[in-house]
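Below is one structure, written out as structure tokens; comments come after it.
Order of writing sets the chain letters: A, B and C. Residues in each chain are counted from 1.
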Amino acid sequence: MIEHLPVLTIAVPLIAAPLCVFLLNRTLVYLFALAVCWATFGMSILLLDQVLESGPISYELGSWPAPYGIEYVVDYFSAFVMLFVSGIGAVVLTYAPQSLNDEINPSKHYMVYPMYLLCMTGLLGICITGDLFNVFVFLEISSLSSYALISLGRSRRAPLAAFQYLVMGTIGATFLLIGIGLLYQLTGTLNMADMAMQLADDHDSRTTLVAFAFMTVGLSIKMAVFPLHTWLPNAYTFAPSVVTGFIAATATKVSVYAFIRIVFGIFTPQFAFDEHALDTFLVVFSLIGIFVASVAAIYQGNLKRMLAYSSIAQVGYMLLGVSMHNLDGLTGGIVHMFNHAIIKGGLFLVVGCFALRLQSVRLEDLSGAAKTMPLTALAWVLGGLGLIGVPLTAGFISKWLLLTAALENGYYLVAALMLASSLLAVVYVWRVVEILYFSEPSEAAKSAREAPWSMLLPTYALILAILVFGVWTTYSAGLASEAASSLLGGTP
Amino acid sequence: MTLTPSSLIVLSLVLPLVVFVLIGLFGKLANLRDGLTLILSSVLFYVVCCLADGVFAGGRPELSLGDMLPGFSIAFSIEPLGMVFALVASGLWIVTTVYAIGYMRSHREHHQTRFFACFAMAIFAALAAAFSANLFTLFVAYELMTISTYPLVTHHGTEKAKLGGRTYLGVLLFTSIAFFMMAIGWTWSVAHTLDFQLGGILREACQSGEIQNWQLMLLLALFAFGIGKAALMPFHRWLPAAMVAPTPVSALLHAVAVVKVGVFSVLKIAIYVFGIDLIRETSISDWLAYTAGFTILLASLVAMTKDNLKARLAYSTVSQLAYITLGAALATPASVMGSGMHIVMHAVGKITLFFCAGAIYVATHKTDISDMRGLGRAMPLTMGAFFIASISIIGLPPGGGAWSKWFLALGTVETSHYFLLAVLMISSLLNIAYLLPIPIRSFMKPKTGETLPFKEAPMMCVLPLCLTAIGTLVLFFVADALYLALLPITEVVK
Amino acid sequence: MDIDMVLGLYNYWIVIVLMMTGFYIVIARGNLIKTVIGLNVFQISVFLLYITMGRVDGGTAPILHETASADQAYSNPLPSVLILTAIVVGVATTALALALIVRIREDYGTIEEDEILILDRES
């Protein structure tokens, strides 16, 4: 049993998803999906435990030996990402029922859970697979289900936002497909490790470069790198709160994961950074993205849209870390995937609490809400401190690592700009804090009640995780560092 | 009962946290809450005193909580300067707690639980900063201090409080993230360590040419301006802005804990990161000395124009803090000694002045100096204390401040900065001009001719300020003990 | 570049023309249905790319047959298999996109993007 764990982690939610449709009772569906989510989380923990104990696991699907069959690879990096994707998936689903009741027509609920499970399956699949075509398939599984989930939003603009995301996302995925095709043409294999070996002496060919370019651009769309981010703000704003919470915390990070895998696992840093200056492009676009998106966030009147722009900025920090291509930088980038996942997940859950009680997430309706919803407001403050990167929160850890990595490389200007940009986060986070605490209560806020415990507890689980992982980093920065060193060491 | 020094460190750091938790738990029971705070703060002071015994006898207790990140650990190691600062902070916490109870209750302030809880957190941050063994720990404590005092500054929740809080947080976070953090990262990248060491950790990098003199100067600037809590101009705006807070906050935090964490950090970095010999040999700090001198004069001049008592005291604080920065910048044994002593002298003196301002407000609701004529007849104890503390701040015997200013003056002479010596002299005159008229005029007849009835603030407000006023006098006579305690930090390591 | 090469790469030229046509439709057209059609054209060009690369010169269909000689070359079947998966994905995408368009039309009464944006600005 235990040796089939890698495939079970994918198969269980995948098979459970269609089964959900047959359980017609709403509560039953929910409980079933919840159980599956937590079971998946449990399996991810077991996987990580195995990896920590005995090193990376390779699992051959259907016993077809790699590179002919599909291989699942669980190493530090994939186990780490799977852990937080499934963990956040479980926590957000625990939070979901009351928020969904409020925002989605009950008759559609039985559709939400299967799609949610499919989305999680796709994201986990991208992490675990060692086969490049599989990455595309899982990417499309997660994307298609997330388009559908986003379109369920209360506003009539939700379907349009989902459609725009669909068009952008499909272009991105198709670009990836082109890149995969070209690489296959060149190497005759789809197994990533095998491909890296075949490619090692074929770095000069134009096909390699074209494939690399297509894959980079394709994934950049999925990662929402500036200026390919245009789909993200609308998608996050109009999706149901629960969906935004899950997708914002996980989807872009898994795309970053895929990008790191492709750059470090297939093409090697020498090819990407030394021969083709990807690092310069990444640094420039990341920094522009961080500044533009942070400034845009400052001017938003809608809390969800504000956080969406902040997400675009935060992806910039992850890519900055990748572009440093030294141990500290990559560690910083990877650990920021985790830290930002819990921070942004937590904050979107807070927004969901406001949406439930105030029926709006516009800033003017939020004014003075701290008086009637003190715990929710406090959660915003703590999560916001994490987003700013104040010491003793998780955000600080990643910022610190990125700073030392930049200085180690002698990128003084980058370090200075990075720190300056994080001050913009102070502005947009604190603007909300002031509105919550110092403004005269709005009509909605006066009559509001504190959010229900069933939502507050999961929210605080993530918020407290921000504080815990700001002090205790064995399983965040420690694992990220292991993952980074194996990524850097695994390349010739 | 004998405890090892490192368990004493644990105890002294845990106690404020325990207070924080207990206050949260017993928030509804005001008497129990305040009683517990009083008892535990006294216990804390006792623990810190026990630690001080060992440290002043030459011990250097250490405690490491392990790596927060690979290579960056949260660790504590006590040296005399930090010990002195911890003594001041924990000792004055007791006095301030008494005062705050009297002040908050007679004002019927709301959110008292949050108030006292944040207070305890700020004390924790102050102690953690005082005991820090490396820059990383210092930075973490420094930022914790900023965050934990924000709710205190904005305590009243009014529009004015919001704006004050915005300036407070804006300036302090901006400087610390943009400059201080950058400086720490830079130090790490050239020195490959962040541990405080007597004689500094940068000498090697400097000799090997890894860091040029002009870069060293830039690094010092990043530190000096990055530590916004030291209120060096032009990053001093937060301090007057923070005066919207209730007076006990201004007293303990904005005369003692917060600002002293700032100047303490500057001093500590000068001594233990750069090393005072290195600073003197390379003369990278001349500009800093003159910036500090400029701040001293300008802040004093601004203070003279302020009619609001707390605002005047705030600018006076800005000016006095620059003395300490000046001592660090001059980097001679005497000037460093002067700075170290001034941390104590100014703390006790300024807290008295703020207590007085608060007591006047409690008793008469007056905030403007121009309204205080004749007030001394109604509040003789308060105004008497104000007078004594003013003497100390100005630097006249028998106020403790005389000693610290003497050593600072010695430092300017040693380094032949006669212009700065003149600055110190002029500044003392300015101090006289903006502080002494307040108590003197208060003992004159009121303009209207009617005498105010005797009406002191409540006992719990008046008693602490009398104590600290006497404290300034006592410090004048026990200054040699302080001198001996601080002597190790002036040692020159070759 | 002689005529043989131009003709020999015939499939690839078609792929590029189709790809750019599809891409242009997606970018330039405001009608949502036309956007979806453009997306389909774009995807189909990639299917062609895969199928083209699977073809081996002189190869037959990859089916083992007793009459085949030992040195018989076969076309690579794997790209075709991959593209079957990609076609399924493409169909799913199209279906979802059309479903979304139906919802958009129910809500707005139009499927022209600029008209929808005007309606949104008015509301």
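Keep in mind that, in the parts below, a contact is a pair of C-beta atoms (placed from the backbone, for glycine too) under 8 Å apart; a residue touches a chain by one contact, two chains touch by 3 or more.
Please read these numbers as outputs of a predicted model, since none were measured by experiment.
Here the chain at the heart of the shown protein, by mean C-alpha position, is A.
Greatest Cα centroid separation from chain B: this falls to C. With centres taken as mean Cα positions, chain C sits 70 Å from chain B.
Chain A and chain B have centres, each the mean of its CA atoms, that are 44 Å apart.
Remark: chain A and chain C have CA centroids separated by 28 Å (rounded to whole angstrom). Contacts with at least two other chains are made by no residue of chain A.
Those residues of chain B that touch chain A in the shared complex are 68-70, 72, 139-140, 143-144, 147, 154, 157-159, 161-162, 165-166, 169-170, 173-174, 177-178, 181-182, 185-186, 188-189. Of all residues in chain A, those touching chain B in their complex are 385, 388-392, 397, 400-401, 403-404, 406-408, 412, 415-416, 419-420, 422-423, 426, 430, 434, 437-438, 471, 473, 477-478, 481. Those residues of chain C that touch chain A in the complex are listed here as 23, 26, 32, 35, 39, 42-43, 46, 49-50, 53, 78-79, 82, 85-86, 89, 92-93, 96-97, 100-101, 103-104, 107-108, 116, 120.
Chain A contributes residues 133, 136-137, 140, 144, 147-148, 151, 156-157, 159-160, 162-163, 166-167, 170-171, 173-174, 177-178, 181, 184-185 to its touches with chain C in the complex.
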